[in-house]
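Pasting the structures here.
Both complexes shown next keep subunit A, but they swap its partner, so subunit B is in the first and subunit C is in the second.
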Partner chain A sequence: MPTVTIDGQKVRIKKGLTVLDAAKKAGIWIPTLCYHPAVASEASCRLCMVELDRGDWRQLITACNYPVRQDIVVYVSSERAEKARRGVMELLLARAPESRELAALACRMGVEKTHYPSVTESQRNCILCGLCVSVCEQVIGRAAIGFAGRGAERTVAAPFRQASEDCIGCGACAAVCPVGTIKIRLHKDEREIEISPFKSRAKMVLCERCGMPMYSGQVSREAMSKVKIGRKAFTEYLRLCPKCRRTETAERFASVPVRRE
Partner chain B sequence: MSEEIELTGQIVKHYGSDKGMLIPMMQDLQAECGYLPIGHLRCLAERLDVPLSRLYSVATFYSSFRLAPKGAHDVTLCMGTVCYLKGSPMILEAISREFNVEAGGTTADRLFSLQAVNCVGACALAPVMVVDGKYYDGVTPQSAIEIIQAFPCEEETAEPSAKEGAK
Partner chain C sequence: MNTAAAKFAAPADIEAFSQAVRGKIRADSKVVRVCIGTGCAAKGSRKIYELFRQAAEQSMDDVKIEAKCVGCHGFCERGPIVVVEPGEILYQRVEEPDVAEIFRETVLGGRVIERLLYEDSATGTRASKAEEIPFYAVQKRIVLENNGRIDPARITDYIAQGGYSALAKVLSSMTPEDVIAEVEASGLRGRGGGGFPTARKWRSCREAKGKPKYVVCNGDEGDPGAFMDRSIMEGNPHSVIEGMLIGAYAIGSEQGYIYVRNEYPLAVEHLGTAISQAREMGLLGKNILGGTLSFDIEINRGGGAFVCGESTALMASLEGRAGVPRAKYIHTVESGLRNKPTNLNNVETWANIPAIINRGGRWFADIGTKNSKGTKVFSLVGNVRNTGLVEVPMGITLRRIIDEIGGGVRDGKRFKAVQTGGPSGGCIPAEHLDTRVDFDELTKLGSMMGSGGMIVMDEDTCMVRVAKYFTEFLQKESCGKCTPCREGLAQMLHILGRITDGEGQVGDIVRLEELADLLEGTALCALGKTAANPVLSTIRYFRDEYDAHIRDRHCPAKECRGLFRYEIDEEACKACGICLKACPVDAITGEKKVPHVIDQDKCTLCGTCWEKCPFTAVMKV
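So, the complex of A and B:
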């Protein structure tokens, strides 16, 4: 097992794991945005940059996708690494000035404001990390959204910027969005779930007991198709919202006569 | 619909259904149709088992791919150094405003495609506008609009439906 020396602290990790994994094991925090264990690291946000000791020179690398193959020495809190990360954060802040999540992370990194001008309305609050795109393709298997355009005009969009037919309204993209730009909107009257800003909508399944909209119908169908064992129990599980499920379970227990010796 | 299936089928077959040949396939499709129609792209995505979002990414990444048909007339405005200094940005703005079209776009009635290019090689005539290969020299924002406006009149008699559709 190779040894990674992070800021003087030594940790041994399995070959092939990343510098970020090593730092986590050592209890050293490296800021990340586009990193998510569920998908392959693309290192697109550049926020996890650290310095790698190459002997006579040091190289800036992205911790989230740098595999450890031999003993290495890295610096997380060196001046150059911190400066690089702060510079990236300033650029990201200019892209997503309204994101509370990003502001909190910037604060933790000691970045208060950005010196860069903000971007156009259509790209506002998206840092183009691509996490939503990766999750939709690699985890959900739908690839309903992708990058569109290039250069300064690059955005994340559904094909032809219309509501995508491939979207099942699962909301995974909203769940992973590190800057909170993708949002789930519930239209209770229409019983629909909308993934904003992609405009896609899906009909929701209602709780059989209280009528509360729970999740999109396509998601439940998709989930059912993946369940191999205990289908019946799972169908039962999907019928009710968590609150009603608790109530029903409680009722069932209450109806069981207690045996007294 | 059958035409879409047939054409995409032919193209895909030609490249041996190789997903890696997506770009040449899209180029062939554009050569055939003049642009990349949504229906054809859908067919192509389905046939290759490649997500439609990937095709859209590719189509929007390369500037040579067009997602909307070209206009009946080509308006090219020179934005080269000399034309630029002589006021072509103002002309571009005037045309964009008057016909509600952006550089690289086509008007809603599909009469004009507007392109802003870097130099047409006629600096002595600056600012230059080229409409369907014909060069117009010393253009002003006002005269540019007049030159373009002179064109739709022909179209009205030839294709009255095109104009109605736009309204």
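So, the complex of A and C:
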């Protein structure tokens, strides 16, 4: 097992794991945005820059995807590494000035404001980290969204920027979005769930008892095909909303004749 | 050996075939070579070729006359180029009406037509052969040696000139290790921009675990003003294929790809023809020349993204995905195309290989400087008299390239800077013109070798605008994946735009330098890491121009609209009234015999008066 020396602290980790893994083990925080353990690291946000000691020079590397193959020495809190991370964060703040999540992360890094004006905005408050795209493709297996355009024009979108038929309305993209840009909207009247800003909608399953919209019908079908639970029992379980399930269970108990000693 | 429809079964067959083809050429045969490279073709050389072909067909049988299409001669400024053998008489700026005269006088009569020869503007002497023209005399042609001599669509022509003899040599007498050692001895470094030692790359790929292994040719040349690789692919496609075959043998690969821009239709066509001819003759496919090497090549056409010249983006594109780079902490020689060991070299690198094998690594290493061996092809463009494609030994000075080969700055203007290395390169000022051109020297100056673009700029060029132009190009071509490149370039462009609009702020230079530092350190791929070079190098050498824009709201080169005024020179003004009538906002007053005056409050700086004045009395100040 190679040893990673981070800011003087030594940790041993499995070969092939990343500098970020080593930092986590050492209890050293490195800010990240486009990193998520569920998907492959693209290292697109460039926020997790740290310095790698190359002997006669030091190289800035991204901690989230730099594979540890031998003993290495890295610096997280060196002046250059911190300056690089701050610089990247300032660029991101200029792009997504309204994101509270981003501002909170910046604050934790000690970046209070950006020196840059807002000059790019192809998609409101999106920092183009790509986690939504990766999770949809690699975890959900749908690839309903992808990147469109190039450079400053790059956006995340469903094909032709139309509502996508491949979207099952699972909301995984919204769950992983680190800046709160992707939102789930419920349209109760139409019994539909919408993933904003992609416009994709999915029909929802209603609670059989109270009629409350619960979850996307396609999600439950997908889940059925993946989860190894007795199918019948599982279907039964998904029929009602949690509230009605409690009520029904209580009623069932109440209807059972009380056994007397 | 039969010279038609041969299929080679052994390495020795190639030499036999080459001799047979050459043996068929009669001593009295005459050849008219017409350049159909893109530059000459744009000036109508295809039609000229057609006329020569018809003339040759109709001529008497007692002399054998052949009209031949050949690739780029490099002297694009003077195209269309026609060369007549014997005598190697080079005619320039040939037009359709000249064909009959050339055919009658030179081809049949053996007489030289003076007016079509190159004339040295300084001495007035005319040159009948290429080597007598300074443009060619200073060059040393290895890669481009056969460009302009062979018909790129005929494999027999290539073989007759010694083509595929390097492959035969490799397959008959060298082990893969020998090949790598020979390339190592040559000191060849990658010609695509990075300058990585080719042999070291080959060896890493050979030693990498995993099968299959791929060899890839990077023909996604996209630098503004660059056409080196284009001309090689168009004019001598077999040299690239032969290089790749030798590389495949050395590395242990059975499949190759040529990634070529779809905007290069002639290159795609000629490569396609070359590959199918090589297959027919048994030079691609299974058990090549009866040995153990099996190798084939597929062409992949790029979709027009500059970033696809970056190795990982190119491989993503080859895989059918969007051309977006990825981190290279694990090198592509270990895990590249389809996560298999992949060796990517540039067109010019591959085209150098046959010569290195044939003449030996040491011969190649004798050319050039300590750490940069051989020659380099540059496309010399911009405000220079002789634009074109030039191949020079490493270590030649920039001054010799620009003054001797390029004939100096055109229109009698003063030289200001030369931009090398493409959009990621830098601008080199006059005081460094005696720098020797090699990988390390250019890097020291804040520029780079790059793939070989060389843009000469005269005194009328605003260096801030130049920086802005390249930044804009890179910002448009950035894939947008990583934050610093996407956002940082947009911020830089914003600042540069403000400076050229006369709204620069104190501190803008520092801001640009900070962004440049951030980009260099944190961008994902080489495009972003080097994107600030044009800005940094212009700040380094032309800081006074930035200062003039920001502090004095003045553009010293008088290119930035709004940062200079138009005035009429009283002495030069003939009071003709042309500017007065042309001015769209009636800002010019004056009458007959009274010099005209521009009302600066009314003037919108459109420049119409400056363009229209027949006496150059309107000045930019």
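Just a few scattered comments:
What we mean here is this: the second predicted complex is superposed on the first by the 239 of 261 C-alpha atoms of A that agree within 3 Å, B and C clash if a C-alpha of one lies under 4 Å from a C-alpha of the other, contacts with A are read in each partner's own complex, and residues count from 1 in each chain.
Rule of thumb we're sticking to: contacts are C-beta pairs under 8 Å (C-beta built on N, C-alpha and C of every residue); 3 or more make two chains touch, one makes a residue touch a chain.
In this text, all values refer to a predicted model and were calculated from it rather than measured experimentally.
Once chain A of one complex is fitted onto chain A of the other, the partner contacts of A:Pro67 are limited to subunit C, with no touch recorded for subunit B.
Set against each other, subunit B and subunit C differ in how many residues of subunit A they touch, and the higher count belongs to C.
Legend: residue contacts after superposition of the two complexes on their common chain; A:Glu137 is shown touching subunit B, with no touch to subunit C. In the superposition on chain A, contact is made by A:Leu128 with subunit C only, not with subunit B.
Once the two complexes are laid over each other on the shared chain, residue contacts for A:Arg150 go to subunit B and to subunit C alike.
In the overlay built on the shared chain, the residue A:Ala158 is in contact with subunit B alone; subunit C does not reach it.
Of the two partner chains placed by the overlay, neither subunit B nor subunit C lies in contact with A:Leu17.
With both structures placed on the common chain, the touch criterion links A:Ala26 to neither subunit B nor subunit C. Within subunit A, the residues touched by subunit B in the first complex and by subunit C in the second are 147, 149-150. If you check the complex, the residues on subunit C that touch subunit A are 305, 322, 324, 326-327, 329-330, 475-484, 486-491, 493-494, 511, 514, 518, 521-524.
If you check the complex, the residues on subunit A that touch subunit C are 42-47, 49, 60-62, 65-67, 80, 84, 87-88, 91-92, 94-95, 115-117, 119-120, 127-128, 130, 147, 149-154. Subunit A meets subunit B in the complex at residues 133, 137, 142-150, 157-160, 164, 166.
Against subunit A, the residues of subunit B that register as touching in their complex are 38, 41, 51-57, 60-61, 67.
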